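Both complexes below contain subunit A, partnered by subunit B and then by subunit C.
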Partner chain A sequence: MIKLKHIEAIRNGDFTGLPISNTSTAVNMTGSWKFFRPTLKPKKSPCLEACPLHILIADYMQEFAAGNHLNALEILRENNPLPAVTGRVCPHFCQSACNRTDFDEAVLIGDIERALGDLGLTQPYSMESQECQEKAAIIGSGPAGLAAAVFLARSGVKVTIFEQSEAPGGLLRYGIPAYRLPRRILEKEIKNIVESYSIDLRCNHKIKSTDLDNLRKEYDAVIAAPGLTQSSIPETWPETPTVKGALELLAAISRDEPIPGQDFVIIGGGNAALDTARSLKRLGKTVQIIYRRTIDEMPAYPDEIIEAQSEGLLLREETVIEEIIDNGRDLSLNLHRSRKNGDRIEAGDFIETITTDFLIAATGQESSGDFLNCNPELLKAGDFAHGAASVAEALASGRKAAETTLRKFGRLPDDSITDQETQNLPPITFAALHLNYYSKKPALKIPQLDEQTRSDNFSEIHLGLSLEQLEIEAERCFHCGSCTTCGICWFFCPDVAIAINRESDNAESQILFDYDHCKGCGQCAEVCPRGVIEMEEDL
Partner chain B sequence: MTNNNRPATGKNHFTDDTNWQITNAELMESGHMACPGCGASLSMRHVLKILGPETIVVMPACCWAIIAGGQPTTALSVPLLHTPFAVAAAAASGVRQALTAQKKEHIQILTWAGDGGTFDIGLQGISGAAERHEDMIYICYDNEAYMNTGIQQSSATPHGAWTTTTPGGKDFKYSKKDILAIIKAHNPGYLASATIAYPDDFYAKIEKAKAARGFRFIHLLAACPSGWKIDSQNALEVTRLAVESGVFPLVEMNNEGAIEKTYEPENPISVKEYLATQGRFKKITAEETEIWQNEIS
Partner chain C sequence: MEKPAILLGSEAVAHGVKLCRPQVISAYPITPQTHIIETLSEMVDSGELKSQYIKVESEMSAIAAVLGSVSAGSRSFTASSSQGLAMMHEILHWYAGARLPLVLVNANRALGGPWNIWSDQSDSFSQRDTGWLQIYCETSQEALDTIIMAYKASEQLMLPIMVMIDGFILSHTMERLMIPTPKMVDDFLPPYKAPYQLDPENPLTFGAGAHPDLFYELKKAYSETMTEALTLIDQCQAEFAQKFNRHYDVIMHCQEGDKDSDTAVICCGAMTGTARVASEMLNENGTSVDLFKLRLLRPFPKTALITALKNKKRVIVLNRACSYGVGGTLSQEIRTALYDLPEHPIVNDVMISLGGKEVFPETIVKIVNDREQLSATEPNWL
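Up next, the complex of A and B:
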């Protein structure tokens, strides 16, 4: 029973003898109840896993969405020396692997990369360490050569690139048509690299077999990345001026050389076949592609096939040339329906005989610098090392060669690659994400030049969006496996045992678990959209 | 960690749709006596975040009478008055009158009771307070049984559910009392059902209740891991599925006095799926599940 004297005592702050609580329950160490404790376990996003360059996509998306474009560019460039190029020509393995595909549509990673790359054309590349004594020579200035140069120069190595053509870029310049990769973008990006790292770029400088020993004496390391610059023409085809390789033709178109002839037949189903056909069509030629399997089986990137078809390119699937008759001025081709015989493809029923001015082989590539092949100790990179592959794979191979070289110089610890820490993280699947608090949102639509406007010129087809517009797209990223300090764990903690410190630079201390009071219920792990929180046994 | 040491986006929200602000100030403290995964403690934490420090909590015997901590400790940074089981609404009315006499109308009264103290034992007091339009927010956190005393059946326990007093499952003759209809008959100032598994809906409704005057009633579904026989980490998800299956619809009384849904599941799940998540519905038969499904649709 509370009496008047008690009220008097309360007014004086004296609660003695009264049923009143004025101590916080925080004195109870309820953390001792738990059997499991939440911990932060960052994981590898599927985009990063799919990317040959292991770009920290989930991380730069975070920066990009927040409007910190330059920070995002810096993260992107850590692993990708040519973002404006790859943003356009990479098949974007990352996008195919995106977890958002299982939810609604993949995030347009490629378009964001492209916009960041364009932003970077005027931003010098950053150095990681001071200049050192070592010198390296790189043969070839294609994607692999450039990547090797960037990763070496970034560590202070003095780099010289020898390029046999009149301008740098290799396949990027002479193999990829300008409607996919505008020349000014390529030139600006290469110029930026060369200037940022003071690279000694020597064009019109072909390395012959006799030069190799001198190079080795003069430089501490030599990397060969000459690429596969020649189309391989099937042996059964006649040796005549009306039979050509696709790469030679693409290079000629790239150099604005006049292209004789009107009718062209291209054999092959890869990107080189489509690039050659679409380029010729833009020059007003009559073109058809002949492919022995179905269109669905073409190794070219699906987007390229769709674009080519919408441009009205004639694709003849399941067709083979059984006989080539050299008429001197032109060629007659006997076309047959293809027929599968086990793994082999044979000629089936006769279709028709067609006449063409030129027959173009786009069935494979080979090296022109065979002397380099004879040198087993030579460090190789790019298509020359691993056969024809994507630009991203060529860049990755260049980087690997640079890292091998740096290790040789003792400037990188043994058996370590620079992004090993991320590489060793476990991958995260769609099933491990908790997306109850996300709603479906389709990807942005990227404008394109229509078929009419692009039919007779080499203007870039994809028009791109502004950085501001693309921020909305970046916000769609789930940041799989990367804590964004979104706060959902904090929100749903019934024990007020999670604190978020967004100011902290150290990821480990951005989310703070109060293990003295956490009862280990595990709800934070169940709500974390990115699957970063895991419960582990509390010992 | 390379993967992670980037500054955050700086946005104070966690879903792509949430645009309301959540205060960092906590009026509920750690170290309270709730079981791991308790839905009632999480609900209290956010209700107090919204109502703010100028709130007096009145509560009868219920889980929270224990959760708040034994003397001399308390989990709340606001005044809390414990009352006997049947009289929370009546005691809260008294506190309200005392505050009015002191011209402290701005102070919110939060009457916070479990389903036992609301559906069964406290019902007459609620009816009286509602009839007098006492200026208070009455929140019933419904964990669907007398959990604190050892999981005995209440009139909020759904049919088919195991409790220690209904070991074979609550008889299907009895359905969960329609508390919203009872309160609606008193013409309250605000009336809604909510759960913290839907934060946007939850925050909007508590904010509305805060802004309204008179007797305001909110029916909260709060998961009880031990009483529902679920793992503590699934408490939130099970609550969410109660809504997605239509077992616990999120509703609100509109200006015309009619009860309408505030959330319609995009891809509703079946009652069967909801029941399968919990051990307390283990003995429910296929026919009973069908009856339940038909009651909803």
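Up next, the complex of A and C:
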């Protein structure tokens, strides 16, 4: 019998002819071949870019989807002091910019923010540094004032807020109806801020021009965020008790004051017009909105318009009031079709004359504290500083005023505005994403009260979903420009030159490139689903 | 008991593969091989074959995928043909050098250009030097049986084996054949147990850089294992014959001539069937020839060939593949082997078919009858 020594050896497991070694290939420094090196370059997501507060949405979505709700809340609060509020009232610029819109539907960022905000109602806010000597006074407890207070107090500044009304919140309380922002949510969120940061909140405390000098002496900084609390009433309108401003009416409704009259005509196309009309309707009044342009041109948030229409609100578009006749007890209004004359809108053909108990102006708003404007040194924030804008913009403005103040105190270096803000790179585009790694999935449907149920009360319309349900929604997030340690780069790296350290707290060190062995092929940058890895020349 | 069945050659191959229980199958479709993997994919889909079926985008990926799966310790299978096998070429070398077992079925087909999908052995003959064992089958039964034997040999040798069927002639024609029972095959072919495998718990380097002296030693061991393979294959075939009662040899004497017959005809693959009819016709008309078929091309069974042909004055080699500028590829192999004889027979190198050119019994009869006119040194084209 012929001896088959190799086959015998294979059978016995001691064959030495197999090209297998228990020595590592690491001795071969293949990294010296490369001309390019991969680097982790997180980028701005379009949602972050669109958000006035630059909230790190892609990052908190990651934590949220993983079930780490409190971590997500912490990231959200870094930039947004009032998430339970903005989750309800913000028009969500982020969602309009969401890259997912081009794929299927935008991620419901607002609803996730709202759920996190509600979770936060019982979670104290965290401090960033110890209490310091500096004291700041803030005039107004609307969104801008509250934001300024949070960002100052978080850095240890002792904050006092002076609020002229009997309760805090400003426009959030007296301007936004409870069906959009329930009072108990607003109150809890403000209370949480005030208690977490030991803010000295003084309600029923109006600051007059004569108080300013004393405030300056007593406090190291004063920020004025009194808001625009008064409706501007067109000069041509008669001064009569049957003509009112929308903001004044909304405030009265908010205070549960009795509202006399049955027929209301509201002029304007902004949120104030819609809020007033929908509130009055809930009180059983007969309401119509008259707007001089088309419904599509209304500055109010589109969702609000759709909801108002579904509630049966009468919206008369392209109509102007040519003449107001004061009948003493009521008013007669001559309505005309509007006509464009260049940029101006004039009265065209006569339509009809209607009679109404009250005519409400919702055409603009102004400050009730003009004296503050006179002081050029005064640091301003919110609508008072930049004119009427969204809650998110007011919060951003308050935060900016706080940062200016902290810089003045020397407690914030000049260039410390968050990286995202200074990063001038454009946000990551839809085209830069690797869509093969995502599957289509429609957004969740958010339940809301039907028109019947909500017609005569101020119950919140949007019902929201549970945190667990919304995790599924958060999983839809592309995390544009944000590394999720998904491991696709690790999988494709042909040189085993990528290590993933998911335990690391620091995003920068979660992906580790072994430059001694990376040959610079660029596959990792090519396959990254979120455009986070970039190749740099390495000569 | 074995069951009779009437199957296409490609289906017979699939049944042979199924009996060997591969854990991973990866292949890319190409005519005339496609039926093989289609049948296998249906078997996997229906659950009758428990296997991972990896869909790939090319033959290069198919062979690379099984290189991975076998490295991880699984028994695997792939199939290809013609351009597909050519596309695998780089990995065929690597695969063999990695000393991993595998059975690959190739349905022989011409390589373009010009475009041609018909039977031709140039695709596998041009992979002679990749280090793979090569076995050519005459019938679908032979293919089915060879696959079972090939897995057994491959795993003992730690070398890959390519099993050839002629495209269309076997792959697309029906044949009555016997399908062994799973138990018979399980008794013959134990599960594959890898001496080393990819294992995160026990990291090893597979196919890392080898310095020149080590490389040389590994290749020497490779060559020696190939020599041992001749004996092992004989043993496998003998054991198979005992268990399944079908006899195979590396070179088979298909038709015996008279005692004093001095002419042998030799070919490989399905053409042998035609040659059997031709040699019967010749013997009936008083021209006595011996017919041989070569099953094993690599390792080349030199001793068996010399033993078979030593008393012949003339050997007519029927080629389905050509090495242009030399002649029929099979002829070269046979000439080289016969060089060791003290007295060489005349070797007539006949290029009988390429690209599916039809071979009739009469074609072979005419070649043998006109043998005196054949060139003994140059290729003979019809």
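We take it that the second predicted complex is superposed on the first by the 501 of 539 C-alpha atoms of A that agree within 3 Å, B and C clash if a C-alpha of one lies under 4 Å from a C-alpha of the other, contacts with A are read in each partner's own complex, and residues count from 1 in each chain.
Following the convention adopted for this analysis, a residue touches a chain if its C-beta (ideal position, glycine included) is under 8 Å from a C-beta of that chain, and two chains touch if they have at least 3 such contacts.
Keep in mind the model is a prediction, meaning the values are calculated, not measured.
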item: Partner chain in contact with A:7 - subunit B first, subunit C second, else both or neither; value: second
item: Which superposed partner A:89 touches (first subunit B, second subunit C, both, neither); value: neither
item: Partner chain in contact with A:492 - subunit B first, subunit C second, else both or neither; value: first
item: Contact breadth on subunit A, by residue count: subunit C or subunit B; value: B
item: A:23 touches, of subunit B and subunit C: first, second, both or neither?; value: both
item: Contact residues common to both interfaces of subunit A (with subunit B and with subunit C); value: 19-25, 28
item: Contacting residues of subunit A [partner subunit B, same complex]; value: 19-30, 33-34, 42, 44, 56, 58-59, 62-63, 65-66, 68, 71, 75, 419, 421-422, 425, 436-439, 441, 475-476, 481-488, 491-497, 502, 505-508, 510, 514, 516-517, 519-523, 525-527, 529, 535
item: Contact footprint of subunit A on subunit C as seen in their complex; value: 97-99, 156-158, 195-196, 203-210, 217-218, 221-222, 224-225, 228, 231-232
item: Contact footprint of subunit C on subunit A as seen in their complex; value: 2, 4-7, 10-11, 13, 15-25, 28
item: Complex contacts: residues of subunit B adjacent to subunit A; value: 1-18, 22, 26, 28-39, 41-42, 45, 68-75, 77, 196, 199, 225, 231-237, 240
